[in-house]
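For reference, the structures are reproduced in the following blocks.
Two complexes are shown next, each including subunit A; its partner changes from subunit B in the first to subunit C in the second.
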Partner chain A sequence: MATPHLLLDRYIDAESPLHAQDARVKLLLTLALVVALALLPAGAWVALLVFALIIWTAVYQAHIGLLRTMRRSLVALPFALVAVTLLITRPGELLLSWSFGPWRLAITDAGVTAFLSVLVKSWLSVQAMLLLMSITHFADLLRALRQLRLPPVLVAILGFAYRYLFIMTDEAQRMLRARECRSAALPGQPAGGSITWRAAVVGRMVGTLFIRAYERSERVYVAMLSRGFNGNLVSLDERPLSPNERGFTLLGTAAAAAVVWASYLFG
Partner chain B sequence: MLTVQRLSYRYPDGTPALHDINLQIAAGEKVALLGPNGAGKSTLLLHLNGVLRGQDGSVVIDGLTVNDQHIRTVRARVGMVFQDPDDQLFSPTVFDDVAFGPIHMGLQRAEVEARVERALAQVGMAGNEQRMPHHMSLGQRKRVAIATVLSMSPTLLALDEPSAGLDPRARRGLIELLQELPLAMLVSTHDMRMVAEVFPRTIVLSQGRIVADAATTTLLADVDLLERYGLERP
Partner chain C sequence: MNWQNIADGLVLGLHIPDGFLSAPVALIWWVLTIGALALAVQRVGVELNERQVPLMGVMAAFIFAGQMLNFPVLGGTSGHLLGGALAALLLGPWAGVLVMSAVVTLQALLFQDGGLLAIGANVFNMGVATVAIGYLLGMPLLRTFGGKRWGLMLIGFITAWLSVMAAALLTSLQLVFSGLSATVVFPAMIFVHAFIGIGEGLITVAALAFVVSTRPDLVSSLAGFLNKEALQQPVDKRTIGLVTFVGLGFAALAALLSPLASGDPDGLERVAENQGFLERAMDAPYTIIPDYTVPFLGETPLSTIAAGMIGLLILFALMYGLALVLRGRSSDSRTRS
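Coming up: the complex of A and B.
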């Protein structure tokens, strides 16, 4: 039963200066890195290498396992495949082409560069986010988002999602187990029901899960009301960032901007 | 009818849960399964229909070994009812849920309807086919949960703490229901009065081992044993 939690909960406990750093600093620097990656022009391989080395050094420093982080980051690769159309839509020198009747499909050198850039950028971005999630407790991340003036309602929604996601996956799993226990067969009789019936069962299970989530939310809300909740999400005031932390954040962001700028100048 | 031999099980993380379990249950025999939380009662029950499979040993029901080949047939023989009926009942209406097993077994419509009607009548919930489980009381949901496996005509019922959380009247009704059902059953529970009333035989589990397997009257008279495993006299 523990596996889905491991899949969802990415925090890795370790002793490192990165773990100890304030969540706001880590969040801002990660965002700066991801934005910088997104802004890089296609084919800025040197800049990509610089960012990759920054991320990998940080991963190494955080003692969370370089290989593990890379392996985890692969889950996001399929999403990068939407960029595959870049291969055939960028004008440039022809590398390969096929004819389908009146149509011709051509892969260009500019297309390949653009596609590979998107692929590497998204891979590195996912690794940066994984690094952030691995070295920061989700609760700290939520607090950081609130301190950075994300609307409290959004922060609360994220917090509740995180709190109850595990309960929902457990509930879904118990439901699946109950179905499994009654998925029986008689000797010499085709079993399993029709495809449409099975699909209907799954549909109704999803509906049931939704109703239970809805009812649980009502109960949670009542429990909040009975502890004095009045519609305002309050939180304790936190210390402001120290000049050191501000400087570090600014410096990191500036460095990322400089790399982007340089790759436009010399790219 | 049910034979468990030298069954051992470790959780995937390596925690040992069951150790060298040997037991036999005859057709129609009603057996209580006692033991503190975490003793392995639920884990043992989940082995009876192969949701969990031991690393060692075997479970044989009606001559069928629980393995990949027989798993579907075994699930028709062993009616597993979970402690929380909300886990058991995953459909929007009582009918859909009680009919799930029979439809999955490939029975004809008329037979399915007959079985649903019979199962609901057996648990005293006839006429509730179109009700929604989340609008019913816990006692009613427990009954429907039992009906969902009765409709599959099992030979053994495996119930996980069926009387937990019931008010006295619902509990009384459940006890009478268990007494009436002409089926073999293995029932994990902490309800000692129910044990004394319903089950002629009792098995005590502690830290994944069977530490006692005897007639309930003998066992309940053994004050030392009851004390050792934190059990109360009814």
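Coming up: the complex of A and C.
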């Protein structure tokens, strides 16, 4: 069984100028990029190409594998099924049409443009996120979130959740394996009882997991207390962003805004 | 078990990726989510102590891992948990909101399961709305039927099913506001999630039953559930009124907005068709209001809206009547026993 965090953080310790950047800069620029992508009008192919080149250059610079990033970013593709409807609902020039009894399906050029735009935007946004997570330690990201004034409680919960995520998923996987081991079935026959029964088994597993998680959190809390936890989560390194970093962030955001603006102007 | 499969399983429904929401829609839901989270952070700060921070973190990890526990349903599909209603019932509303928000955020950050800009909407759908349904509906229902074990189970199922439906409805609404066609999005999402919700309901009920019988102390100390005195309190008229009002408000809002937002005149008709389909299993969908317009108003958007509202009112009245009948029965059995 692959340890999930190794799968997740495979390239996190690589060295590149991008890895060395402050997490706040990387987070803000990624956010700017994703917002800019969302703001683009349908069919702004030049702007999409510009953003794609920016992302791909950064991915290349970060040595995290261009092809791998592109492939992994297909995660959101199943959701595109929802967007297929764009093909047939936009008024525009007719490209293709079929009749099924009373219904008529007509694909228009505007529909195709809208559909492809959504697909490309989604694909690029996922790549930007993958890039961010591949070059930023999660702990750094959490610190960045705290420095960007997210409520400390929220950041602390995220931190604890990340820390125990792998323990709890290992626990869940052990439970799943145990269920498999005790679910013998004759070949060609379904294992287990009715769907309700199967759901009840899973429900009891969830309940067991809840109790184990709860008891673990009590132990964690006691361990924290015995190490002097007094209710405040403190952290070192509260350095403000340097003028260079501020400038870089602003410049990047402005550039993204300019591309969006230009695509409305000339699109 | 591999991580990609988990992500795939979850993607199917509710985690909206980036690119699908228009920027204004995404921003509106960011604002709503930030408001809800700010309130939750404040209330958790008032009601709970620092001990809750590791608890909520580990609970978020629990919900995340709990979503991996699945069971085969039909033809390679599997049922699994979303967990919002369960979190609300086990942890209480404010901690539930924070825990579910952490889960959704982590899924987006670590597994790109849901977009970055769409976190606002996704957290609201799966973190705020599911917990709100679980709690706002669960509490009054629990006060009504909760004295009995079967009452708790019934409530667990209803709130879990409705929380999934609420998340699916909100997701559809956001997609439709962003320009996708209501004609397809609403029926598809609602149809699929009506079934996913059943799995959610069954798992939630079994999990609740297990926790209640194994460690009742955990549940009562957290949310005041199964507390005999709290359960004996009658529901006051105001709570019923509030719930009714809020429900009607949402229904009316949905009816008002969906045909306008989609720019697609038959959007609501199809939703209605789908509701008919779900209720009467393949029966002819338009029997109450032909073609889902009110005759004397003619073929205008106003007519579609009016028809939608009437349809929703009928639906609501049916549900309310059912609730009254069930409550009558439960008080009967209580007096007898």
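Keep in mind that, in the parts below, the second predicted complex is superposed on the first by the 219 of 267 C-alpha atoms of A that agree within 3 Å, B and C clash if a C-alpha of one lies under 4 Å from a C-alpha of the other, contacts with A are read in each partner's own complex, and residues count from 1 in each chain.
Just so we're on the same page, a residue touches a chain if its C-beta (ideal position, glycine included) is under 8 Å from a C-beta of that chain, and two chains touch if they have at least 3 such contacts.
Just so it is clear, the model here is predicted, and its values are computed rather than measured.
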| item | value |
| --- | --- |
| Which partner reaches more residues of subunit A (counting touched residues only), subunit B or subunit C | C |
| Contacts of A:Arg174 with subunit B and subunit C, given as first, second, both or neither | first |
| Partner chain in contact with A:Ala184 - subunit B first, subunit C second, else both or neither | first |
| Partner chain(s) touched by A:Leu154 [first = subunit B, second = subunit C, both, neither] | second |
| Partner chain in contact with A:Pro17 - subunit B first, subunit C second, else both or neither | neither |
| Which of subunit B and subunit C A:Pro243 touches, first, second, both or neither | neither |
| Touching partner for A:Gly193 - first (subunit B), second (subunit C), both, neither | first |
| Overlap of subunit C and subunit B interfaces on subunit A (superposed complexes) | 2, 171, 175, 192, 201, 204-205, 207-208, 211 |
| List of subunit A residues in touch with subunit B within their complex | 2, 171, 174-175, 177-187, 189-193, 197, 201, 204-205, 207-208, 211-212, 215 |
| Subunit C residues touching subunit A - in the complex, by the definition given at the top | 1-4, 7-8, 11-12, 15-23, 26, 37-38, 41, 44-45, 49-51, 53-62, 64-66, 68-73, 79-81, 86, 90, 98-99, 101-103, 105-106, 108-113, 115-117, 175, 179-181, 183-185, 188-189, 199, 202-211, 214-215, 218, 264 |
| Residues of subunit B that touch subunit A when the two form their complex | 12-13, 49, 51, 72-76, 80, 82, 84, 86-92, 96, 100-101, 103-107, 134, 148-149, 152 |
| Residue numbers on subunit A that touch subunit C, as the complex places them | 1-2, 4, 7-8, 30-31, 34-35, 37-39, 72-73, 75-76, 78-79, 82-86, 88-89, 114, 118-126, 128-130, 133, 138, 141, 151, 153-154, 156-165, 167-169, 171-173, 175-176, 192, 195-196, 198-211, 213-214, 216-218, 220-221, 224, 229-233 |
